[in-house]
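Look for chain A in each of the two complexes below; its partner is chain B in the first and chain C in the second.
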Partner chain A sequence: MTTPAAAPKRAAARGRKGHGKFVAACLLPALALFALFMIWPTINVFRMSFYQWSGFSPEARFVGLDNFTKLLDDDQFIRAFQNTVALLVVVTVVTMGMGLFLAAVMTREKLRGRNLYRFVLYIPNVLSVVVIAAIFSAIYDQQNGLLNGTLRLLSADGLQQVWLGNQKIVLWSVAIAMVWQSLGYYMVLYMSSMSSIPEELYEASSLDGATGSRQFFTITLPLIWQNLRTSLTFFIMSAVNLSFVLVRAMTGGGPDGSSEVLLSYMYKQAYTNSSYGYGMAIGVVIFAFSFLVSLLVSRATKREPLQF
Partner chain B sequence: MTKIKPLAYALIVALALLIAVPVAWVLVASLKTKGEFFGSPWTLPEGLHLRNYVDAFVTAHMGQYFATSLFVTLLGLAFVLAVSIPAAYVIARYDFWGKSVVEVALLAGLFVNVNYIVVPIFLMLVGWDRSLADVFPDGFFIDNPAMLSLIYAATSIPFTIYLLTAYFRSIPADYEEAASLDGASRWTVMTRVMVPMARPAVTTVILFNFLAYWNDFIIALTLLPGEGKTLQVGLLNLMTAQKAAADYGRLYAGMVIVIVPVLLVYALIQRRLIEGMAAGGVKG
Partner chain C sequence: MVRRTFVMAGAVVAALGLLAGCGGGAGNDDAGDGGTLKVAALEGGYGREMYTQVIEAYKAKHPGLDVQLQISKSIEDEISPNMKAGKFPDVVVLGQGRKAALTETLIKDKALEDLSGVRDGLKDKLTDGIVGNLNTDPYGDGKTYLMPMYYAPTGLFYNKGLFEQNGWKTPATWDEMFALGDAAKAKGISLFTYPTAGYLDSYFFALLADIGGEQFYTDVMTYKQDVWKSPQARQALDLTTKLLGYAAPTTVGYANEQDFTKNQQSILDNKTLFMPNGTWIVGEMKDAPRAKGFQWALTPLPAATSGGKRYLTTSVESVWIPSGAKDKEAAKDFIAFLYSDEATKIFAQSSAIQPVKGLASTLTGENAEFYRLYEDPNVAALVGGFASTAPVEGVDIKATLFDTANSIISKDKTEDQWQSALNDASEKLRQAGK
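Take a look at the complex of A and B:
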């Protein structure tokens, strides 16, 4: 058995003739597509943010940082930003916390029907966001929805709400749908990292009299810490995106912009308003914001890696 | 954890119900007549009102959209595998000029969500259509399902290569050496020895990309604005129409049409999907 590091050298040493051509033939199609449809558009987001452009007229006017200064005075943008941050914080804390707890319980306690629960809890992750939005529209529907209908059945009419039509509630309704969608995925992800922790560690600490919750904090959590960090970074990136697709399909940002998030506002500026330059300035903010948050999270959670 | 065990158990059961009940409810509701939607949502339909499905498939064109989605998804998978497998293999096994740049760029690509860059992609395609207006007066790039497949494939290249490269690296080089000693060409070594050995990783990649392509609606909404929609966009239109007309039956039937293929695939391959997640772990 060779080590992975030694393998490429040996394979590369297999003969130089034609090596370059073979590598190029294998690599270039993928790189060309990647450059054309990912790198170039990404550069364009940044470039276009300095222009005022309606998209269809040929002339784009260079305006420097004007788009960005305008953003600072745009109340709708600020609200979209606040909503995005609020959703990120709430959904991340709830999903991560519950996901870890459920994964620990599912792995440590031998629950009956464990595989069935795992199967069911993972279902939302394979459903499309449009389907999830439609399901939640059915749940939240004012007259015939599952939620209000059930409340009426329980004669708790006073608790009925216009779940997607009330400016104060709509963001929470979106947050619940986001947790519903992502909880199972993170539970299964943590279950798979927890299941690789050797059983002996728990047995030894049980002999020392450690309780389940103590074991969770002294054994489980430190040992899956690296996986947790990685998943947290990706969770934040995907939550920024999920909030957008869900809002786009479920509320359209309404009522009156109260559930607008950064990406949906960008999309709205670009397509509905045809202010492509302005939209792309929002895009730059989104890039910078996701990058900074990931960096901060990664710094804040840095620990010495532990081995078992 | 013995003390909290009953509590935790109750929580898990409750969460499972919170997921299973709405999904099951949609299946049941898709069989209701229009009148049965009013009143309590928990009443069961009196008969199997299959009319909703006919409405969804034919009147709302969901059958046609289904075909478009299937075409776009399969073609996208073909594209992404055709370009990513050789690239991942070469990155895993060969040294070449600029390799570290390529690797860093692809890694950075993992962090760029398609939805961040959909506007420039759309404008680029519009620009291409405009400059080709003499050859294709009706446009070629926008409203072209094959183009949508290509965009799906291109934007999932970083994830696909990341996962495949990791797997190729874990395969010992001995197999390739034996094959090339037997006189196999580089191409034969790759296609006949390495790709079959990497089948688990290829399956994982197909699964995740299938879900991503099949479930996307933002890109499809942007790049196929005309009549030829995908299933997700069709469903979105049904949602909008239902809000105006309170025509629930057709919407729920449409949802079932979208959900059932995915649930079937999931039920068949859930073990592999969950194993693949442990390996890839990055797809949100």
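Take a look at the complex of A and C:
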């Protein structure tokens, strides 16, 4: 009785082995490309951060940790770092908070025209950053911009600002553009996970007299917590990149370096100040920083997974 | 030439350029008798047509030679990936002062071919004073590495019509300048603006030479010790700080890549009197609406002392050969051809004026007015910029000198902070240049 049963098992094992070779052969090109275009350049970033190199010259001079010690004395680097951290904290908190709130309202309350709202909120995510920069240039225009125009209309002339020219405000102007760009994406993400929560849970809790906000904090939030964690990590990574492209397009880091972020400063050093090695050292700092922040966030938000 | 306009578009073009670079690799073989000459050029405000025509003319003289032209508004992004891989173009037409600073980087690396031979061959043709400065001889050793290709005056641009309507004269001294500022203020017009702070190069270099003479200018450009602590430097910063006090209130808010044309527009709208800029402004703003009777005009900065010499910062595009080029002799022959009567004429038709004797007098229209400024015996061309040194991490003296103007206007920094930051940057560069 055992033989006929064992035979197909062996065949299956043989089959899997055959598959294994085939799978490896299929994966190899992708792995090779991944190693060539992702792993090797990343290693190179680390390697080049120990060199002084202009980017073109045949010889690169090994300087050890010099690039990193110079970073500590570089006021502009420190300002760029502060700006990056400020943007990360504020934009993350605002985007996540608003995204969750809007998603909860859209899924729980049967709003009229919510499909339209979802569409409108999602659109910025599809736009290219150059378009977003142009839109916000029109919104922030100090003379006939949408924002100052509205303030004038409301007779709140005193609140008018030079949104991209005031060094104390410019970073927050960039932050608003970042929130506007990414809000819709995270809202849709949370909406999809919220809509998978069984309706019975809400029904039962409302019979017990739970209010909407109580339901949000005791049912919705714990049940989508795993999604929230993942998206938070994503968001921190992408916010570092998004801040660079938006700053490049909107302010160029100005006025006078007041809206510089880490990546834009790295770009300036590596490509326009001919200090490629120094730029790569900044790149290493960014790498370590985003890695660390993601790790901390991941640790801090760790909870026992709940299931329904 | 619209130097700074296309930086954003550059990112897009760079991606396309990479693809083009990959596709173009196949044609690099030295086929045929004449071989291949690869020419890379920046597509500036003068357009690309003139290069095609000049190359046609050159080919007609050298049958069998294949001249490949690569031209783009962000040529650095297209040629530098190949250069990093060791594939160099033979001839590059690209000046200094660009954001990507490719020319500056190669100068710092001493990776350019010595063109002194070409220069000597053209000795009788070139206008006086156009070679033998830091722009052409970056190491100051009498050897020319960059040939001056086109030159254009930069200075303060204004609306001649507005001055005529109000009976104003262009100020010859700084006292007159500030008096004019007060008179204009009474009419609700600001004295000064700049497109972005980077455009202050046309202002600052001339100002330094006006105040301290050419020797002082060279001292600043070569980071002489404590040069920024000198009374001349202080005078330059004093005047500038006072001038920035007269700046149009919208200046800083628009001084970025996205909005800088709005600062330029304020001249066309008669809201501001002067801005530092180059002759490309005429073409760049040709479709913009303007006040009635508007007419572009250019003036040098007011003289530091009454009757003193006034300098026009002159932007010079360069042509050079990278040391890594394959066929340097053919490249040199091609460069010499660029100064032939035939080529000069083609370039001049696109308003690209080469520093060739007798050419300026043949110009017409606004260009004639701009280039006529050089005929004033009290006005001289000022060429060059900060000397190249080994790269110093985190130090960009141009940014310190120009961008701080934004902070001076918004009162986020004081003149003293500006001066000491300049002194620090200059000192670090001096040590790197030793």
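Keep in mind that, in the parts below, the second predicted complex is superposed on the first by the 280 of 308 C-alpha atoms of A that agree within 3 Å, B and C clash if a C-alpha of one lies under 4 Å from a C-alpha of the other, contacts with A are read in each partner's own complex, and residues count from 1 in each chain.
Here, contacts are C-beta pairs under 8 Å (C-beta built on N, C-alpha and C of every residue); 3 or more make two chains touch, one makes a residue touch a chain.
The structure displayed is predicted, hence computed values, not measured ones.
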Superposition on chain A - do chain B and chain C clash or fit: clash
Partner chain(s) touched by A:V188 [first = chain B, second = chain C, both, neither]: first
Contacts of A:V130 with chain B and chain C, given as first, second, both or neither: both
Partner chain(s) touched by A:L164 [first = chain B, second = chain C, both, neither]: second
Partner chain in contact with A:L31 - chain B first, chain C second, else both or neither: first
Which superposed partner A:I39 touches (first chain B, second chain C, both, neither): first
Partner, of chain C and chain B, that touches more residues belonging to chain A: B
Touching partner for A:R303 - first (chain B), second (chain C), both, neither: neither
First, second, both or neither for A:A249, with chain B first and chain C second: both
Partner chain in contact with A:F77 - chain B first, chain C second, else both or neither: second
Clashing chain C stretch [against chain B; choices 3-11, 57-65, 129-137 or 345-353]: 3-11
On chain A, the residue positions that both chain B and chain C contact, one per complex: 55-56, 130, 133-134, 137, 143, 248-249, 271
Interface residues, chain B side, partner chain A - complex: 1-5, 8-9, 11-13, 15-16, 18-20, 22-23, 25-26, 29, 37-42, 82-84, 86-87, 89-96, 102, 105-106, 109, 111-113, 115-121, 123-124, 126, 150-151, 153-155, 157-158, 161, 169-170, 172-174, 176-177, 180, 186-187, 190, 211, 214-218, 222, 232, 235-236, 239, 248, 251-252, 255, 258-259, 262-263, 265-267, 270, 273-275, 277-278, 281-284
In the complex with chain C, residue positions of chain A that touch it: 52, 54-57, 67, 70-71, 73-74, 76-77, 130, 133-134, 137, 141-143, 162-167, 248-252, 254-258, 268-269, 271-275, 277-278
List of chain C residues in touch with chain A within their complex: 8, 11-12, 80, 83-84, 99-102, 104-106, 108-109, 111, 196-197, 250-259, 262, 391-396, 399, 403-407, 410, 412-413
Interface residues, chain A side, partner chain B - complex: 1-2, 4, 6-12, 14, 18-20, 22-23, 25-27, 29-31, 33-34, 36-42, 44-45, 48, 55-56, 101-102, 104-106, 108-109, 111, 116-124, 126-131, 133-135, 137-139, 143-146, 149-150, 152-153, 180, 182-185, 188-189, 192-193, 211-213, 216, 227, 230-231, 234-235, 237-242, 244-245, 248-249, 263, 266-267, 270-271, 276, 279-280, 283, 286-287, 290-291, 294
